[in-house]
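What follows is chain A paired twice: with chain B in the first complex and chain C in the second.
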Partner chain A sequence: MYARKGYELVKDLANGEKGQLQPFNEDLFNQVVDQCTQHYLELQALIRKMHEESVDVRETRNADHYGALIHHLSLIRNKRCLMAYVHNRAEIIQSFAWKVGLELLELPEEVQEKLSPSEKNYFGKHSAALQSYMAEVGIDLNVDMVPPKDPYIKVRVLDDMGEGILLSDKTANLARHSMHFLKRTDAEQYIARGLMEELTG
Partner chain B sequence: MATEESASVMDDYETLISTTDVELLKRAWRNEKAAPEILQFESSLVQRIKEQIELAEQNVEISEANNIDPLTVSLYQMDLDRTQFLLRSYLRVRLQKIEKYLFYVLKTDEYLNRLSKQEQMFARRCTDDLGSHLDETVLAKLPDNYQSILKQSITSEEDDMVPVPRLDTFVICKAKQYLSGLDFEPEYSMEITEMERDLLTFVCYKFIKKPLENGKIDLV
Partner chain C sequence: MANYYDIDGILVEEEFVPVVFQKAINGVKIDESTEKGYVEQGSKTELPFWLAQELHMRQAVSIRVPACFNQKTRLEIQADAACVDLRSRCPYFYEFGCKLAPLCDKSIGLLLSYAFRIRYKEVLHKAHTTAFAAASKFLMLLTKEETYMYEAAQSSMAAFKKWRMGGPRLQRASILGRKRKPAE
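Now for the complex of A and B:
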C-alpha cells in the first residue's frame, strides 16, 4: 500500500517513550525516501503519457490524471511523515540542551549513538545559538530549572568528579559517595548530568 | 467599622504588592506559560528586574561582608533566588515557544515584532540551523518540486508545512475588572458577551486574546 512505510516511520517515533530518543531509523527512513522517488517517476510517466496522447493535462480528468494525483498525494504524505520524523526528533534534541547540557560530549554515550551525523551537527549549532543568546542577555538560563525552595540543598556525589571543582563560594573535594551541603545553583548542573543526586527528607 | 477599615488597609496593601515589578513579572510569566502563542516581550519590565537583581546581589554581598546575621542574609538570598528563577523561567518559556513555532514566528511580522532583539537573533539563527538540518536529512533527497520547507509541494498556494500555534485551545483565566462586549473582538460577539471580575473562567484562548493583550485579563 502506498505511504504505508511513512506511517511505520511515524509509528516508530510515536512508540518511543515521550522525550526519549530512539536510534535514527536509517533503514526505514531511506525506504520512504526511495518510495518518494518512485512515486515521482511514475507521476512523471503518467503526465508524459497524457502529453503523448495530447490531452490537456490541466483540464482532463481521466484515469491517468487520477493516477498521477494518487502518486502526488502519496508523495506529499511521505514527505510529511519524513519531516515529522526529523522535526520531532529535532525537538527532543532541542530539549536536551535544556535538560542535560550544551556540549555534545556532555550527553550520555547511549544518547549520542542514537543521533545521526546531521543531528549531532544540529545539536551543536543549536546549543551555540542558545549560548550566544545567554551571553547577549547576560543571564545563564540553564540553571534554576525548578522553583527554588531553599537556596541550599543536600547532595550526594555519585561519581568521581576529581578534586578542586570550583563552586561559587568555596572549593570542595567532591569525592565519590561524599555528601555536601551546596548552593542549589551550583549543584543543579551536576545533578542534571547524573553526577550527583539530591537528598530529600 | 474597625473591620471595614482593616479591610480597606488590606486592599491598599494588596494593590501596592500587586504593582511591584516582581509581581508584574510573575503575572507576565504566568500569562506566557499559559498562552499557546508568544506574547509581547516585556522589555522595560525585564530591564528593571535585572537592575533590581543586581542591586539585591550587591546588598547580599555587603551584608555578608558586614557580618550581618546569617539568617537575615539567607532570607534576602532566598528572595533574590526566587526573583532570579522567575526571570530565567520567563525567558526560558519564551525561547521554548520560539523553538516550537520557529518557522511561523519568523514569517509572521506580528510575532516577530513581539520578540526582543536578542530573541529575534536567536530565532533567525535557529531557523537557519534547523532549516539546513531538515534540508540535509530530508528535503535534498526529495524530487525538485517537493523540496520547499514551508510548502508541501509547489502546487500548494499557502505555506502548509508550518506548525502554527493553536489559538483554539482552552485556557483558564480571570478578569481583573468587569469586561463588557466591547472588550472582546467583535467577531466573537456570539460566543462571549461579558465576564465578571475575578471569576475563574475556562474559555477558548482566541476569544480572550484581545483583553489579554490589553492587560485586562490574567491567565492562570
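Now for the complex of A and C:
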C-alpha cells in the first residue's frame, strides 16, 4: 500500500511509552527511504510518458496525471512520517540534556544504546550550546525551577556509586543504601538519574 | 493542518475510508492482490484518509461513510454511549469524525457531540474514583483521545493529593522510564 512504510515507522514510535526513547529503528527507517525512491521513480516514469505522448503536463488531467499525483502524495506523506520520527526523537534527546546530564557518558547506558550516531552528535552539540549559553548568562538553567526551602537535603543512595566522589564542598563515599546530607545542587543530578532518592520528613 | 510533526495527527490520517474512483488512474497498484497496474473508473476500494482527502479535493474519488460511523454504531451509541467499544471501531473516533464529516456526511458531527457528552462524564467519574486495577477493563473501550483525557484527570488528581500531603520534590527524570530493580 502507498506510503505504508512511513506509517509503520511512526507506529513504531507511538507504540513506545509516551515521552520515552526506543532504539533507533535503522532498518525500517531505510525501508521508508527506499520506498520514497520507488515512488519517485514511478512518478518520473509517468511524467516521461506524458511528455512522450506530447500532452501538456501542467494542464492535462488524464489517468497518468492522477497516477503521478498519487505517487507525489505518497512521497509527501512518507516525508512527513520521516520528519516526525526524527523530530519527536530529537525533542526527547534535548530534554535529556536539560533534565539528566550534559555529558553523553552521564546518561544511563541503556539510553546511550538507543541513540543513533547522528543523534549522539546532536545531543553533544545541543549540550554544548546549552552550556555556552549558561556560561554567558551566568545561571544554571537546568536545575529545579522551584526555589528550595533549605540548601541541603537528605538523600538515600540507591546504587553503588563508588568511593570518594567529588562534590562541591567535600568528597563522599556514596555506598548503596547509605544516607547523606548533601547540598541540593549536588544531589539534583544524581536524583534525576535515579541513583539517589530524596528523603522527606 | 494540525502540527506537522504530531504523531497522533499522522496516525488519524492513516484510518481507511471506502472510496469510489471517479477517474481512471494509471501507473498505480492500489490493491496488492491484483497484478494490474491501473484503476478503472467506478471501481471501489479503501484508501487511507490522507490520500482519499487529496483525491477528493480534485474530484478523483468520492468518499463514502466508513464502517465506524454506520447505522449499527449509531444505534449502539444512542442506546448507551458509555458502553460502546469505540476503540476497536476507530482509535481516533472523534478526530477522524471531525475530519471526515465535511467530506461525506455532515450528520457525523451530531453523533460525535452526542457520544462525547455522555462518555465525558463517565471518563471523568471513573478517573477520579476507580482504582487502577478495576479500570483496565473500562480503559479498553476508550479511544485514544479519551485515554489522554483519562490520564490527564488522573494526573491532576495525583498532583492535588501531592500538594495536600506533601512529598519529595525531586524525582528521577520521567524520560528515563520506570525504575527497574537494580541487578543484585
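Keep in mind that, in the parts below, the second predicted complex is superposed on the first by the 177 of 201 C-alpha atoms of A that agree within 3 Å, B and C clash if a C-alpha of one lies under 4 Å from a C-alpha of the other, contacts with A are read in each partner's own complex, and residues count from 1 in each chain.
Rule of thumb we're sticking to: contacts are C-beta pairs under 8 Å (C-beta built on N, C-alpha and C of every residue); 3 or more make two chains touch, one makes a residue touch a chain.
Just so it is clear, the model here is predicted, and its values are computed rather than measured.
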Go through the superposed model and pick first if A:L174 touches only chain B, second if only chain C, both, or neither.
-> neither
Can A:C36 be said to touch chain B (first), chain C (second), both, or neither?
-> first
May I ask you to decide whether A:S132 touches chain B, chain C, both, or neither, giving the answer as first, second, both or neither?
-> first
What's your read, chain B or chain C touching more residues of chain A?
-> C
First (chain B), second (chain C), both or neither: which does A:K11 touch?
-> second
Please indicate which partner A:L102 is in contact with in the superposed arrangement: first for chain B, second for chain C, both, or neither.
-> neither
Chain B versus chain C as contact partner of A:L182, first or second or both or neither | neither
Look at A:R80 in the shared chain and tell me whether it touches chain B only, chain C only, both, or neither; answer first, second, both or neither.
-> both
For A:S118, is the partner it touches chain B (first), chain C (second), both, or none of the two (neither)?
-> first
Is A:D144 touching the first partner chain B, the second partner chain C, both, or neither of them?
-> both
Could you pull out which residues of chain A sit against chain B in one structure and against chain C in the other?
-> 80, 83, 87, 144, 148
Provide the residue numbers of chain A that touch chain B in the complex, in ascending order.
-> 33, 36-37, 40, 72, 75-76, 79-80, 82-83, 86-87, 90-91, 94, 98, 116, 118-119, 121-122, 125-126, 129-130, 132-133, 136-141, 143-144, 147-148, 150-151, 184-185
Residue positions on chain C within touch of chain A in the complex are 4-8, 10-11, 14, 23-28, 30, 32, 38, 48, 50-51, 54-55, 58, 60, 166-177, 179, 182
Parts of chain B lying in touch with chain A, wherever the complex brings them together | 50, 74, 77-78, 81-82, 84-85, 87-89, 91-92, 95-96, 99-100, 118-119, 121-122, 125-126, 129-130, 133-134, 136-138, 141-143, 146, 152-153, 155, 161, 163
Footprint of chain C on chain A - complex, ascending | 1-3, 7, 10-11, 13-14, 17, 19-21, 42, 45-46, 49, 61-64, 66-71, 73-74, 77, 80-81, 83-84, 87-88, 92, 95-96, 99-100, 108, 111, 144, 146, 148, 153, 158-159, 187-188, 191-194, 197-200
